[in-house]
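Order of writing sets the labels: A, B, C and D. Residues in every chain begin at 1.
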Amino acid sequence: MSIRLRLRDIVESTETRAGRAFDWLVVGLILVSLATFSIDTIPDLPAAVHAVLRVTEVIIVVLFLLEYLLRIWIAERRLGYIFSFYGLIDLVAFLPSLIALGVDLRSLRSFRLVRVFRLLKLARYTHALDRFRAAMRRSREELLLFSFLAMVLMWVSAVGVYYFEHDAQPDKFASIFHSLWWAIATLTTVGYGDIAPVTAGGRFFTAVTLIIGLSVVAVPAGILSSALTDDRRRARRDDAERSE
Amino acid sequence: MSIRLRLRDIVESTETRAGRAFDWLVVGLILVSLATFSIDTIPDLPAAVHAVLRVTEVIIVVLFLLEYLLRIWIAERRLGYIFSFYGLIDLVAFLPSLIALGVDLRSLRSFRLVRVFRLLKLARYTHALDRFRAAMRRSREELLLFSFLAMVLMWVSAVGVYYFEHDAQPDKFASIFHSLWWAIATLTTVGYGDIAPVTAGGRFFTAVTLIIGLSVVAVPAGILSSALTDDRRRARRDDAERSE
Amino acid sequence: MSIRLRLRDIVESTETRAGRAFDWLVVGLILVSLATFSIDTIPDLPAAVHAVLRVTEVIIVVLFLLEYLLRIWIAERRLGYIFSFYGLIDLVAFLPSLIALGVDLRSLRSFRLVRVFRLLKLARYTHALDRFRAAMRRSREELLLFSFLAMVLMWVSAVGVYYFEHDAQPDKFASIFHSLWWAIATLTTVGYGDIAPVTAGGRFFTAVTLIIGLSVVAVPAGILSSALTDDRRRARRDDAERSE
Amino acid sequence: MSIRLRLRDIVESTETRAGRAFDWLVVGLILVSLATFSIDTIPDLPAAVHAVLRVTEVIIVVLFLLEYLLRIWIAERRLGYIFSFYGLIDLVAFLPSLIALGVDLRSLRSFRLVRVFRLLKLARYTHALDRFRAAMRRSREELLLFSFLAMVLMWVSAVGVYYFEHDAQPDKFASIFHSLWWAIATLTTVGYGDIAPVTAGGRFFTAVTLIIGLSVVAVPAGILSSALTDDRRRARRDDAERSE
């Protein structure tokens, strides 16, 4: 067996021991990379920490580059891999940082933020995203209908509270878009408290809106949640039927 | 086939291609109209934007007027359409704005707000409202009982917290109606934080109220939510039975 | 048929037309009484409104007194009625206010608050309370276990956040009881924002607590909610079985 | 029967009357201990209360010591008990306080906090913890998957809001870790309001995050809640099947 085929067994398989080890190595690198990215944003870090973070970043970028080249080399259809979803993700994971190693990092903040997309490399190793997409697809019609209903309700709430509160708090409920922010924070029950009605009319309107709105706004989340956990119930039912 | 019958096929049908195109055109107009209405409330817009918004509004009003006249002309029973729910909605969608085109818009703010009712024109094209009404009807008795229970609980919470907090915060818990606002914001778990108990008694009372109240206040929303999504489950069960 | 028997048919029956009319009259009186009680707490009411409220209160007290005497007169077992739950409620509904008509109302605030108990007179006319009690009884064991678990969790959260935040905010997290207030407002997701952790340790602890705690604290409310709506599902299932 | 065997019947059994009385005594002691611990943290307590608390603490420590010695004496396998989970808990319940009785309590705050672990002594008398652990075990895979998804979502929200808000509020959204605190408070709908987006971009991002995020973040809590109450449903179904 050639080295290329052996390496393919390691890199692309998840069933051999070496394959799993390679996967864990890449997952570990991704997590370390995301951690250094997060730590990097802490203000007033000592210079030593910055140095460590920068070295770590260089090492990670080089390793991701090597992984990319390796994956191209061992791929059955090389162009197929390069232009696949995972191929592009693997490229985005190191290319901007590689370029940025030459240029000064501080000038282009968005270049640094591109590092977030390394998260997508994780998609290869977890089925969470598949499940999310499957749940979305399965309940799409319902989701669309109730999301539309929820949005209409939020918009109506925003218009209503704008009508009642604009004169009393012209800076907080400055426009319907400002009121929409209030409607979202209120109907999801987050309630930051940065914007809240103060007039009797606005408060009464809020009360009525909340009583009707909570049931409507909760529906899309409920549909998606139950679609996400549906597989489990289905699997259980199948198990139960099998065991009968 | 006369022009009138042909137009009826376009305007009232949703099955022909031209009919669907006409529907999408009206829906598009409604959404554009609601968007301009919202943008119009943003303070300190440049004069150019205001001009564009005003021209858009005039065009929309004229188009809604033409649509109204068209619908009257093609209707089988003309008076029947004029005094139907949709006929009145179609009238309200342009009449106030048409009058306001002559008069100065700024003087009569409520005239502008009437534009919100254009949203109701959407009711012709979505089944969301039907479903909402069906859900309401199906669970009416339960909804009434538990909404009553929730309101009683909120009122009792308001009286209780008024009793504990009025002396400590006479401006915030000024009356039972002020306390009711607190009760609504608290028992729906929005919790703006503009009014909150500070005395030990008020806080203990709030704790007890929350522990009992959350389960009661959540019930009407839960009933309505599950009634809204009932059709789906019923449809699924029917499918399952059919496929057996 | 004697007058007494005829009156009993009106006062105690809910099946005759006169009986239902009498019931609605009493319910109306109770609601008016609770409304005047609430309005009475609004500060700086004009003297005219106060006069109207006072006259209304006198009329209601007299009518409740007459209702009480009537119910004693027509009762089959008079002492039985007087010492029954409803008999005592009917007495409490007017006695303190009757006494207060002589004395100055302002001096004894708690006397005024006793008017809240008129709400209990409603219990005769609604089954909401019965249902609440039935739900409590049915799920008592579960409710106790999970309420206990929820309380332990809240206490542990309070101790933990006290440990992390006491030094940073000695006035807000002054004692474990202050922290308990925070724990209740947080784990019910009300989140007033009057007390919130500021240290890294306190915030990390809050995050962990929330992720574990939300699922535990939500359980008692969920049990009670589903017990409250159980009857409905049971009734539906019975209907479905009957119709098969 | 020897005294040792008789005592074992009292201390270790929950079926004899004396056994239950002993259990209730220990549970009572634990609760009193936790209460005194909580009261002890209230600032500016009168000296008399402090004296009472200190005496109570001494009595409790001595009683826990006696209980520990008693349990060792009656244990079938003494070393087995000493190194068991409950043996270590029983030791921790009095040892630090016993040592602290000699030394000045105020110097070592963590010594006082060790008293919290007396709560674990309750584990012997309630099945709540068993149930919690069983629920965890039963739904472990699902919990891990969705907790991971929830964490990823929170991290992405934190990065996104950091990107939008860092320039506008550099002190509040100082780093991704500061943003994570916001993400946790927001996606659990607690919404303290200490940190909230103010830019249009940040608010729009928050709206989108909330609409998607609420359904994802609610899933782990929902799984755990339903796993916790599963036993009940299973028991009911078994009952129903038996009675058929």
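The definition used in the following text is that contacts are C-beta pairs under 8 Å (C-beta built on N, C-alpha and C of every residue); 3 or more make two chains touch, one makes a residue touch a chain.
All of these numbers come straight from a predicted model, not from anything done at the bench.
Engineer: Sharing more than half its contact pairs with A-D, counted by residue number, which one of A-B, A-C or B-D qualifies?
Structural biologist: The pair repeating the interface of A-D is A-B.
Engineer: Angle of the rotation mapping chain A onto its copy chain D, from a C-alpha fit, rounded to a multiple of 5 degrees, please.
Structural biologist: About 90 degrees, rounded to the nearest 5.
Engineer: Name the chain whose C-alpha centroid is most distant from the C-alpha centroid of chain B.
Structural biologist: With centres defined by C-alpha atoms, farthest from chain B sits D.
Engineer: Report same or different for the chain A and chain B interface, where same means the shared residue numbers exceed half of all residue numbers found there.
Structural biologist: different
Engineer: From the C-alpha centre of chain B to that of chain C, how far is it in Å?
Structural biologist: 31
Engineer: So which bits of chain A are touching at least two other chains?
Structural biologist: Residues 177, 189-193, 222-223 of chain A touch two or more partner chains.
Engineer: Touching chain B in the complex: which residues of chain D?
Structural biologist: It comes out as residues 189, 191-193.
Engineer: Quick one: which bits of chain C touch chain B in the complex? Just the residue numbers, please.
Structural biologist: Contact set of chain C toward chain B: 34, 37-38, 41-43, 113, 116, 119, 122, 126-128, 131-132, 147, 150, 177, 180-181, 184-185, 188-194, 220-225, 228-229, 232.
Engineer: Which of the residues in chain B come into contact with chain C in the complex?
Structural biologist: 142, 145-146, 148-149, 152, 155-156, 159, 162-163, 166, 170, 174-177, 186, 189-193, 196, 198, 200, 203, 206-207, 210-211, 214-216, 218-219, 222-223
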